[in-house]
Structures are given as structure tokens and as C-alpha cells.
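Heads up, the next two complexes both have chain A, just with different partners, chain B and then chain C.
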Partner chain A sequence: MSKDHTKKEMTKKAVKTSKPISQWGIAWKRFKKNKAALAGLFIEGIILFMAIFGPFIAPYPPNDISAFMEGRTREAPSWDHLMGTDYTGHDVFSQIIYGAAPALQVGVGAAVFSMVIAVLVGSIAGYYGGKIDTILMRFSEVFLVMPAFLFLIVLLKVAMTITVAGFGLGLTILVLGILGWAGDSRAIRAEFLKLKEYEFVTAAKCLGASNRRIIFKHILPNVLHLIIVLITSSIAINVILEAGLSFLGFSDPNIITWGRMIAYSLEAIRGAWWQGVFPGLAIVVTVLGFNILGDGLRDALDPRLRE
Partner chain B sequence: MGYKRYIVKRLIYIIPLFLGISILNFSLMHSAGDPIRLMTLGNPSPNIGEVRENLRIYYGLDQPIYVQYGIWLWRFLQLDLGTSFYSGRTVNTIIGMYAWETIKLQMVALILALAIGIPIGIYSARKQYSKLDITITSSAIMGISIPIFYMGIIFILIFSFYLGWFPSFGAHSLQELRYPFGSYFLDELWHLVLPTVAIAWVSMALYIRLVRSSMLEILRQDYILAARASGLSERTIIFKHALRNATIPLITYIGISIGLLLSGAPMTETVFTWPGLGYLYVNSVTQLDFPVIMGINMIITLIILGVNLITDLLYGIIDPRIRYE
Partner chain C sequence: MKELPKNVVLEVEHLKKLFPVFEKGILFSHQTGSIHACDNVSFKVEKGKTLGLVGESGSGKTTLAKTILYLFHPTSGQVFFEGIDVFKTFRSKNKQDILSLRRKMQYIFQDPYSSLNPRMTVADIIMEPYQIHRHIPKKEWPIRMYELLRLVGLEDYHSERYPHEFSGGQRQRVCIARALAVEPEFLIADEPVSSLDVSIRAQILNLLGDLQSKFNLTYIYISHDLSTVRHICDEVAVMYLGRIVELAEVNELFESPRHPYTKALISAVPTSKPGQKSNRIILPGEVPSPINPPLYCRFYPRCKYHIPICKKKDPKLEEILNKHYVSCFRGKEKLD
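This part shows the complex of A and B:
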């Protein structure tokens, strides 16, 4: 971290308000200057709005096939149907709005779930070291090496077999989370290995703090910036993976997802491109938003990593 | 410890990894459904229970799962992957038919991505914060945000349906008459263009970001300054001194991305109806064709393990600082 810069900012602030400014405050100031990152935040805001208020802002209800009754299936975009209609007369624009919630739920859910595993494994391995470290890292290597996407397909096939009525999003989140933690756990372990040698940890030990307290109360807050950055990029990856899985048909057929919309559009994409192109754009915009947000957060929270 | 002992150690280390992954896959696959039930679906025979029982015995599915795994492993060690439930051909033959198409596709895409991505990354790092650099970095972040299957669909729409330049599916023309200039090789290339460019487009973005950031870090170091001070040409500095150190993270990443691309093959190959392992895999999972699922998964796992090993060994050749202890 560039100390001079921070100091200058701190003195400037101190003159104005004479209130101490926290690390997070400094990070937020840096983040605000980054226009691309703000754009990412804005995009995700819109997607989140779509996900929460979807039923209120979508022009047509999810199962509305009135266009089908009028014989207006696969109709080109018009004022009635901003992004056209699909093969059973659903309004593509409304369907995209309904698809925002599952995409965000799976993306965020899986990222958070895999991060919980990654933090547990990474912190224990990094803090205790020795045999525990070796065993846990060998274990994580299995997950790093195996062809994850092939396993995802088999796992979701299992889910489709054991649940009759459709398995919802929970299982997709679970499966993506279980298969996605290994890389992040290594990053967290490396940070713990470094931090446990610092003076504040020795001090805490001298005061008789328990290992659990040192891990979660003393070291973990110092890794928080890394966790936030990792989660953001992991959301982007999980949104893409979820789209791919539902594109291949390995998702709950009762839930409208962008990947599934693209899959359905394929049979007639030559004539009716709007069925597939618009849902795909929704995926690209969402993932792009998380990616630039992640880059911005990295620059703001950990300036050492700035390119 | 010497280099040779290190290689032996790594090779031995692969065994438990492979066993772990294969056991995991075998047990998961067997809970994915009952292939016998799927085969006899809609069979009106009155003694269907008996038929199913006989089929189960015929395919060896009546034994406990650990016995089945043992038999599979024993055969695998003799390089026999079993026989497909559906086509009746051996899995070795089936994989032999499909694997080449997948490897061809991924290899060409990887070479394309590296050949374009590395120079762009270097250029972008040398002209940091220039207009072109900003354009490159923002297009690269666009690139990593596009799912490969969507890129493929867009390419098919534009270059196949509207412009009619390239075929939209398959790896070969169905009739010999349709070969461009009557050449089989040109026909193969003609079919390769769209899928390879779609894959390369997305993975190139990652290489650009990687090369750029590692070059930036290297160009700031003292030994580059020393090289400049001793009057070496810019070309020598970049390609001989800087690039060699930038290859270490690059090699790690190539290793990882081969695994990711092979494992993501189902998506690409479904879009382009490419007769490769990924396409076969999706079909086998829907049909619950256990020997084929197991075969493909294990072949790809072995390729990934092999690539990892090669990556580790290459470090030692490229970076003399690394000692094997």
C-alpha cells in the first residue's frame, strides 16, 4: 500500500472533519474514483432490481401465452413485445426479467457457499500447518484436478432422478458450491500462512487467546478484502456455469432461466434470432458487471495488486 | 533430491488422485438413475420383472457397487473400458472415434489463442494506459464475460446463416460432392473455423489479461533497467529477458485452461453439433450409458493429470531458481 498517499488523504480528511477515517472509508473513496467499477455496481443494481421487482415491472405474467392464442408465436420485436415472442407465445422481454432472480440466486448463493468451505479449509490449513495442512491441501487437489463441469452434469442428473417434481435452485447452488471451493481455499491458505507470523498474532497468543478466536477474530478480518474480491469473481463464474448447465438441459424445467431460453431458441434461431440473442445478452451484461465490479474492488481494497 | 526422483514421486502421487476421482465418479454415476429401467421403458411384456433381472445380471449391475468398481478398475488396468450399454461397441472404439475431433478442436483453438493473445498482451503492457491499451483491456474483460456457447450461437447466426460463409454444424460435410475443391483437408479446415474462433476468442481474453499483468510486473524490475542501461535493444529485452519470466505463470495457466476447456467441451460441442467427446458425454449421461460416462470422464481426468505433470516438469527447465526438494 502506498503509505504517503493514504497519509495525505487522512490529513486532508482530518482537517475537514477531524474524524478518524477507517480503512473501508479509504477503500470506498478509491472505489468511487473508478468509473468502470461504478458502472459495474450500477449494472448489478439494475439486475437486482429486476430480480426483486420482476413480477411488478414485467409487462406480461410468466405463463402468459395470449400471443399464442392470437397466432403470434415467434413474432419479431414490436411495441407490444419489445423483444419479440417465443415458440409458445411467451413475451421474451418478460421472460428475461423473470430469469434475473434465478441467475442471481444461483450465482451469489453458490459463490457464498463455496467461499464458506474455502474459508474453513484455507484458514485451518494455513493456521495449523503441518499434517493438517498436507491432508487438507491433498484433499483440495482432488477438486482442483477433476473435470468439474463433467461432474456437474452427472450430479445434476442425479438430482433430476431423485426429485420428481423438479429440484429447484437449491441443488444447483449446492453442487456448484461443492465443486468450486478448491482454488479459493488455496488463496486464503496462503494469506493465513503469511499473517500468522505477524506480531499481532503473537500478541494475541501471549494474551492467551484461543486458536479459534485468533483465526476468526484476529486473522480473518485481515483477509476480508481478499474474500470480497474472490466472491465477486466467483459469482461471475457461477452465473456462466449455471447458464451453461441449463443450456444443456441440466436444470429444473419449471424455472425460467436464461440458459434454458437460449436452448429452446436453437431449433428456430435462423428465423427468430431474438429468442436466443436477448437472453444471451442478459447473461453477458450480468457477468460483465460482476467482472468489472470485481476488478474495481480489487484495486480499491488491495492497491498492491493494482496492475 | 534430484530431478529424476522428483518425477517418480509425482508419478506415484498421481495414483491416489486418480483413484479418488474415479471412485467419486463411479458412485455418483450409479446414483444417477437405473439404466435397466430406462432401457425397458414402455415394454409391454408381462414378465417384465424377470426381463429386468436378466438384463441386470447380463450387464453385471446386480453385484454390490464395490464389486462393480473393482471389476471396472481391474479391466481399466488392462486398458479395457468395457462395452457401451446401447451401441454394443467397446468404449475403447467409441472414444477412439470421438476423441480425435475434440483434441483437434481444442488444440487448434489453444494455438490460435496463444498466437494472438501473447503478442497483444505484451503490446498492451508496453503501452500501459495508452488508448489502445485501454481498448484492449476493456475488450478482454468483455471477452471473459461471454459464455462460449453464446459466442458460438452468435457466430453461427452471423457467419453461417446470414453470410453463409461457414457450415453451422458437424466436423465434415456429409457428401463428398460438397467438399471445397474436392479436398478432404480443406473441408475439415472449413468446418473448424467457427468453433475454434469461438473458443479462442474467449480463452484469448484470459491470456491477454495474464500476459499483460505479468509483463507489467516484470518490466518494472531492476534487471530490466540494467538491461536497458547496458544498451540492449528493446526487442532483446522484451523477448529474451522479460518474456522468459512471464512464461512461468503462463504455463501454469495453459495447464489449468486445457483442463477447463476439455471439461467445458459439452457446451461448445453441443452448439456446433461437433462429433466429439463432450457431445458424446451429454448423450451418454441422458441415456445413463455408464461405461461410456466413466470412460470419457477418466480419459479427460488422465489428460488433465498428465498436463499437470508436464507443467510441473517444465518449471524446472524454464526457471533455474526452482529446486526440487
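This part shows the complex of A and C:
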């Protein structure tokens, strides 16, 4: 009997000393086991590193055309120029590094901005329901069916003609964000519709919690996993859109972007493949990285898999 | 304010809750009827007493409880708590009045798994009522939280854990602690043990009993397990299809049930006395649909004692003996 008792005591102690595990802890454990997701995280880690430390790691300054002076334009990749030079003598490798920052800034900025709108619209529509819901969802449908890219081009063209100097990245972020929230807001609304019927929400109401408290403290934390997944794929989409826009010339000419680099490579009379292929690869790898990262997060955070 | 009879804390008058039933049309869905989940229910509960609410699943017990607490919007009827018109207060949108009423009445959910937010620690869950009501100074919050944890039989280290790390019984203890954090006077426990292991049901029920005597709480205890009801309650109301069909003091109800439905329910309770023959009454047929129920006695299709009037009129809940109410045309007879 005493043996039994000590055993009981021991298990109790074991439970006591083990650390509490949050849902996020469980998700991270699951994420760590996923090789593809880790690869995605690694890729984006490198891109982020390039974006932050670009000026320190790039072998040549942004506007360096010393190769031009030396008559080494459109030179194939070599030890001096790992990815070759373009037709005005820029080092392609350095330019790729400088292009990471604007790609991430626009991708993340637009994704976060559109998510803020999506969360506001989706949570209010889903939580309050009724007329507010109907109105907000009709409104989001307008944004869904609108030919967004066309709209974007027109807007940016107007902006480019009225601003004399470069207009930076802010406008692109703003416009992509405004055009991108509708689909996500509907996904968040659906989650709110489901969660507001849960008993823990009723329990909060019974305790006297305000609607604001219920939305932000009870429902939103349970939607956070979805928001993270949506943001990740939204970043991927916005990186492509930004590349497309700058490829078409609708971006600040003073900022080096991967899309612009591809466009310049086409302008060169005799194509030098490295001039277009490397920025193309940079875009593909970045987008792919966010997509597999998003998939990994989706699996890791899936509430159906909770223990 | 309403003057309630001495000792009465809760009075429910003609409470009705209908849920609309929709049918999908070609373009629009239109309402085809209503679920009469809770239909013209009246009763009183005295201070410090426990009213049992029994009935099969789907009879409207949860709906009744949630409507009393304004977690469902009532279709009609009134509820008075200590003389305060509950629905009027909630509709008034006066934040102070609403909060003070919320503090008085609390609810324990049937399912302790879904009634705790999976993203909050136990400490956050129990201290949330303090954030909402601010009835105690902030520096005392953790002290009070630990007191509550111990009071419901948990330990200090449980506070930083998440709901998924607990068993059903422990979760129900957390739910009880959360409800107690507002220092309520009245608690509705909606089948608090029915989703728990049989082995720990008694512990939770004992805990509820201890808390009642410690804080002089008034309870409505909802259950479909009549043996625990007999143990715990002072008065029992039997529900059938959204109606109270019989209401009496507990011993009176168990010893001389008058409604045929109550008789059937009681006959189904296993007796512990050896040698006693079980004469279980098997009800014919199924529980009818609560959607658009008949205008005559709702128990008629399953009743073997019915007389012609039962299919013509709807019986009212009448006091046939002192504090013994029955809704049956033959309630005054001793049917066997």
C-alpha cells in the first residue's frame, strides 16, 4: 500500500514540475517535425537577412557601374560577378540582394494591411450577423469581382504622373492592401460565425463580458492560427503582384526590384540570360518559400489535430 | 421592483422561448413553424434551496436555463430576481445594472470541454471576472484566484495550465471556480456531471453541495438522473416538451407522483432495496416533435390513462395539494 502511495506521489510531482504547454507550444512541436515547412522558414530567413543586411553583404553598391567603365557590361557569371553584370554594368548578384527588401516590404506590408481590414470586416460581420453582415459581405463581393490588377495599374499610373519624383513603396502597399482583403474577410467571418456559438463565448457573456472583450479576447485568439496562415499565403501573392507591377513599369524607378530587373533584361537588345533568370529565380524561390511555410503552418496549427 | 413572497429569490412567470424553423425555398428561406423549446413555464425558487429540473433530453431544460439568464432572448414572459425584472434590466442597456445582475446569477455548463477557452490559462480564466467587474482591488486578484482554486479542490500550480491539460472533472472544477469568482447568489448547474466519468460525479456533486452551504447559494440543478436529484434537491420540476408537467417538494414527488410521465420516470430509477420488484413503466411511442406541438395535452399520445378531454384541451399546471402542482386532467386521482 505504501508503495502504491509513493508511486502516486511521484506521478503527482512529475506533473507538477513539467512545464505547462500552450496550444502554440504544441503547434511548434508539430511544425519542427515538418521538413518542408522548415525549409520554407529557412528560405524566408535568408531573404529577410538579405533585406535587412543587404547594404553590408552586397559586394557592390546599388548604383555601382564600375564594370561599365571597365567595359565589362553584360558579362557572364564569374568570381568577380557571381551572377554576371547587366548591360549598364550593374552587378546582378548585388541587385538581387537589394531587391529583397522592397519585395518583402511590399509583400508583408500589403498582406498585413489587407489583413487588418479583413479582420475588422470579418469579425464584425460574423459576430454581429444580421443586416451588418449582409451589407459588409455585399461590399466585400464588390472587391472580389473587381478586376483588381487593372484597377491597380490605372491607380499607379495616375500616381506616377502626378508625383514628380519617385513615390516609394507606400502607394503600392496601400493599393494592394485595399484590393486584397475581401477573400480573407470572408474566411474570418466564417470562423467567427462558428466560434460565437461555442460555449466558452456563452460563458463569457454570462460573466458580463462586453462584445468587444468577446471579439478580441475570446474569439480572435482562436482565429489567430487562421490569420497566420492567410497572411503567409497573402504575402506570396503580394510578392508576385509587386513583381508583376514593377515588371510593367508601375513602380518607383529609384528602387531596385526583381520585377524591374527582368524588365530591363528584356530591354537589352541582345539578351544575356543571367540578367533575367536570376531575378526570376529570386521571385520564384521567395513565393514558393512562403507557400510551403504557409502549408506547414496550416498543418501545425490545425485545431482538428489538437491533442 | 416587485415584492416577492418571503424567501423567494427567483420567480419565473409564463416564460416562453420559441426557436423559428426555416425551410429553404427556391430563392428565400421562409419560416414554417417554431420549436416550442420552453412554453409557458412558471415557478419560484426560495433562498438557499435547490430546485431540480428533470426531463428527457430535448425537453427544454437548457433552453429554460439559458433564457432565464438572458443568454437566449425570451419570446415572452418575465423573470424576477430578488424583485428585479431581469429581462427589463438586460434590455435597458444600462451597463451598471446589467453587470450587477450578471454578478448575482451564474451558470455551470453541461460540457466542461467546450466551455473553457482553449487559448487561456486557468489563471486568466478565473481572473477574467475580476477584470470585467472590478469588484476587488487588482493586487488581490492572484490571491483570490489561488483561494478559489483550492476551494474547488485544485492546486496552485494548476493556475498556469491550459484547459486541454485537464481531465473533465478538473475542468468542471475550473468552471465552478470561474462562476464563483463573481461571488454569485444563484447558480444554475446544467447537468454538471453528465459528461464526466461515473467515478468522479459524486465528488463534483459534493463540491457543489459544500459550496451551497458555505455561501448560502440558491441552485437550479438540471439533470436527467433522478437518483442524484432525490439526493440533492428540495423541490423538483418535471419537464416534458417545453412544459413543466409536475412540480412538488422532493419526497412528495418521489413518493406520490401524480403525472403519468413522472410515474414513468420514477419507475425507471433502479432501486437499491433488495427484494423489491421493479415495476418499470415503459412509455409507448417516442417523444413527439417540439415543432408546432398539439393544442391538446402534449403527453396524450403516450399516456395510457387518457380520457376524452385529454385530446380536446390543454391541461394547466394546477395546485392539487399543498405545494404540489400537476398539469393533468386526472391529477387529483390516484392513478395506479
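A few notes on this one:
The rule is simple: the second predicted complex is superposed on the first by the 281 of 307 C-alpha atoms of A that agree within 3 Å, B and C clash if a C-alpha of one lies under 4 Å from a C-alpha of the other, contacts with A are read in each partner's own complex, and residues count from 1 in each chain.
Just so we're on the same page, a residue touches a chain if its C-beta (ideal position, glycine included) is under 8 Å from a C-beta of that chain, and two chains touch if they have at least 3 such contacts.
These figures come from a predicted structure and were not determined experimentally.
In the overlay built on the shared chain, the residue A:V142 is in contact with chain B alone; chain C does not reach it.
With both structures placed on the common chain, the touch criterion links A:V284 to chain B but leaves chain C unconnected. Comparing chain B with chain C, more residues of chain A are touched by B. In the superposition on chain A, contact is made by A:A203 with chain C only, not with chain B.
By the touch criterion stated above, A:I240 is placed in contact with chain B alone, chain C being left untouched. Once both structures are placed on chain A, chain A residues 307 are touched by chain B and, in the other complex, by chain C. Remark: chain A residues 36, 138, 141-142, 145-151, 153-155, 157-158, 161-162, 236, 240, 243-244, 247-249, 262, 266, 269-270, 273, 276-277, 280, 283-284, 287-288, 291-292, 295, 307 touch chain B in the complex. If you check the complex, the residues on chain B that touch chain A are 16-17, 20-21, 24-25, 28-29, 31-33, 138, 141-142, 144-150, 153-154, 156-157, 161, 212-213, 216, 259-260, 262-264, 266-267, 270, 281-282, 285-286, 288, 293, 296-297, 300-301, 304-305, 308. Considering their complex, residues 66, 69, 71, 98-99, 102-103, 106-107, 109, 111, 114-121, 128-129, 132-133, 157, 160-162, 164-165, 175, 178, 182 of chain C touch chain A.
Against chain C, the residues of chain A that register as touching in their complex are 16, 20-23, 198-200, 202-210, 213, 217-218, 221-222, 224, 306-307.
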